[in-house]
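Please read the structure below before turning to the comments.
Chain nomenclature is as follows: A, B and C, assigned in order of appearance, with residue numbering initiated at 1 for each chain independently.
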Amino acid sequence: MPVQPSAEPGPGGRAFAALMAVPAPPAPDPLLDFVFAQVWQRPGLSRRDRWFVALPCVAAADAEGPLREHVYAALVSGDLTIDEMREAVLHFAVYSGWPKASLFNMTVDEQWERIHRDRGEPVPEPTPLLPLTTPSDPEARLLVGEQAFRDINCVPYEPIRDNPYSGAGILNFVFGEMWLRPGLGMKERRLITLACVAFQDAPLPIMSHVYAALKSREISFSEIDEAALQFGAYYGWPKASRLMQVIEEQKQRVTDEWATEGVA
Amino acid sequence: MPVQPSAEPGPGGRAFAALMAVPAPPAPDPLLDFVFAQVWQRPGLSRRDRWFVALPCVAAADAEGPLREHVYAALVSGDLTIDEMREAVLHFAVYSGWPKASLFNMTVDEQWERIHRDRGEPVPEPTPLLPLTTPSDPEARLLVGEQAFRDINCVPYEPIRDNPYSGAGILNFVFGEMWLRPGLGMKERRLITLACVAFQDAPLPIMSHVYAALKSREISFSEIDEAALQFGAYYGWPKASRLMQVIEEQKQRVTDEWATEGVA
Amino acid sequence: MPVQPSAEPGPGGRAFAALMAVPAPPAPDPLLDFVFAQVWQRPGLSRRDRWFVALPCVAAADAEGPLREHVYAALVSGDLTIDEMREAVLHFAVYSGWPKASLFNMTVDEQWERIHRDRGEPVPEPTPLLPLTTPSDPEARLLVGEQAFRDINCVPYEPIRDNPYSGAGILNFVFGEMWLRPGLGMKERRLITLACVAFQDAPLPIMSHVYAALKSREISFSEIDEAALQFGAYYGWPKASRLMQVIEEQKQRVTDEWATEGVA
């Protein structure tokens, strides 16, 4: 960040400008160099996939300027469709709390309008919410939620219904409805969840979601390493260090389980 | 959050509008349905008590719009008095850090003025700070702080004085002054504290405050379950999951202790 | 973080090992390279000063392993005395909330004992809390707090007394006692505060503390740039980007004020 007088943009500034579709900052900056000229350029995780780690981190950090730039760039590049972006907001809200998601949601509307205004095009009609694709009947929804909980978490059990948190919350809404919504792939939902549990610091959810991402084979061992680095660039070294430790443990656990199951 | 063109508000939008005393959002929204039409409407924790979980979560999330709406609604409904709200800001500041509380404090002033402006009434004079109800002499204040620490935490010990954090901070101010201020009931302080330790993620404080809330019987077993769901709706599943785990452990611990003590 | 099989430590791993007085991690790691081989080695902010940014960030991130390593290294190197470290915990508690500081405080005790155990020396008696150096009488304490608020924030006004947050909290304790405690210099307190307001995201406190750090001349223009980079390495790019924007604005403001005042 230290600025040299009358300097040119550094490699990070140029990479930032290219990714964000904005002018480059006027001077070299070691943090921009690291995040944009190094991390974002690495192989092993696609640029599209990197958005699903970066967007929740920027939204969680309450940094309005960076949030606007990231949402704009992810949409204007076509890396994410507007429907994917809006599903990402909902998924983020569930894993980070809806007050934080409120600014993210407004920023998506604002940047989507900006993109169309710049193009002289009308903003398209949004995709209708209804009909929902999950059952409305409470008993049927709980059954669906229990199955989805087992499938998505790669576990043979589900939490009890008769508890407000796990029944009314986890089974009825989070797994009975939210995770099953069309419009965002399972890999993308796993990347968003990974970022959210990592900055939320809750030990059991970090463990269970890292495990399920690997066990489901929806995120590969090398992709999750890159996702942890992408996370570290956006949320700092201490939280990334903790995430990386859990990743190493869960890689070992999954490898052992696959050996026992006779698969590789 | 996805919006249907020219749609009617969903049940969540109508519940949100009723609670917040604002117009309903123009379209159904799965998250509003969950938070406002389901969670807030549940029995087991009063609407008044739910504010003491929701307000710190919204303040901690740095969400300016939702913070304004929540402060306004809690005051204009009469669910909280202005003195209770201002004590809640101080309690929140201590448990979440003064910088985060700065916006909360300004928002309370701003919404309190708005309510009186809308009513064409002058804003009443604030309640005077002095005299404090706790002792001024440092030795006497530490003694009071040590007793309050034991009573409020339901433990037979207190931390050492000769440490800036536990002496100058915890004993001298947090328990020697802040928790003992009139104007906010102990149950309400416990709900605010529960929300704050849950989003702050500090393992020992989560454990000790859940334990004390239950052991003191100031929050019942079913109320704390509802408080955890209310928290999850506002701060996301990962942190609520951790809180819920601690709640289950501490219910067992308290139940065992009551059995040993021959009480039920 | 991605690990190459049977690799040697990279430059970041070696720098990490030297700073932390621990063995180097077994493989190169781009995040360690950036944080430890690049940022920590830069001129413009002393190694001692960098701890006052890094320690609050690690404590805020709830990363137990990194927190132990950082506290140990800062103490065993002699970069911080134990009294300075304990004051840093109290200052951190006030600006980040007591629950987060609880683990920090325990970690300091634990690592201080470890250092003495390793040396075969007894742990020295802690410095006594009493007598406090600030007045006990509430009215006198508020007067001291009002003066300290103006001096430390470099403003000609103070907040109202008759408000629990600003009266009982800010004036009575934060500025009437905590900031005035001996045992930690004003520059060190400003660096801790800078880190805390930056990760807490509260717009007004970020602005006011950056302004006061520069206006007081207790942190120079080039030091605050380095502090922002140190912060970015520990808490991620989005929050650092916001901090840096405020720094640029406040440098301009302070420069303009000095020009008007006829000083440079």
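Definition applied: a contact is a pair of C-beta atoms (placed from the backbone, for glycine too) under 8 Å apart; a residue touches a chain by one contact, two chains touch by 3 or more.
Per UniProt, the chains are A, B, C = Carboxymuconolactone decarboxylase family protein.
Bear in mind the structure is a predicted one, so any value in this text is a computation, not a measurement.
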| item | value |
| --- | --- |
| Number of steps on the shortest touching-chain route linking subunit A and subunit C | 1 |
| Interface composition of copies subunit A and subunit B: same or different, split at half | different |
| Inter-chain pair with the most contacting C-beta pairs | B-C |
| Distance from subunit B to subunit A - Cα centre to Cα centre, in angstrom | 29 |
| Multi-chain contact sites of subunit A, meaning residues that touch two or more partners | 62, 201 |
| Residues on subunit B engaged by subunit A in the complex (per definition of touch) | 1-5, 7, 10, 27-31, 34-35, 38-39, 42, 44, 57-58, 61-63, 65-67, 201, 225-226, 228-229, 232-242, 244-245 |
| Subunit C residues within the subunit B interface of the complex | 62, 86-87, 89-90, 93-106, 125-132, 136-139, 141-142, 160-170, 172-174, 177-178, 181, 183, 196-197, 200-206 |
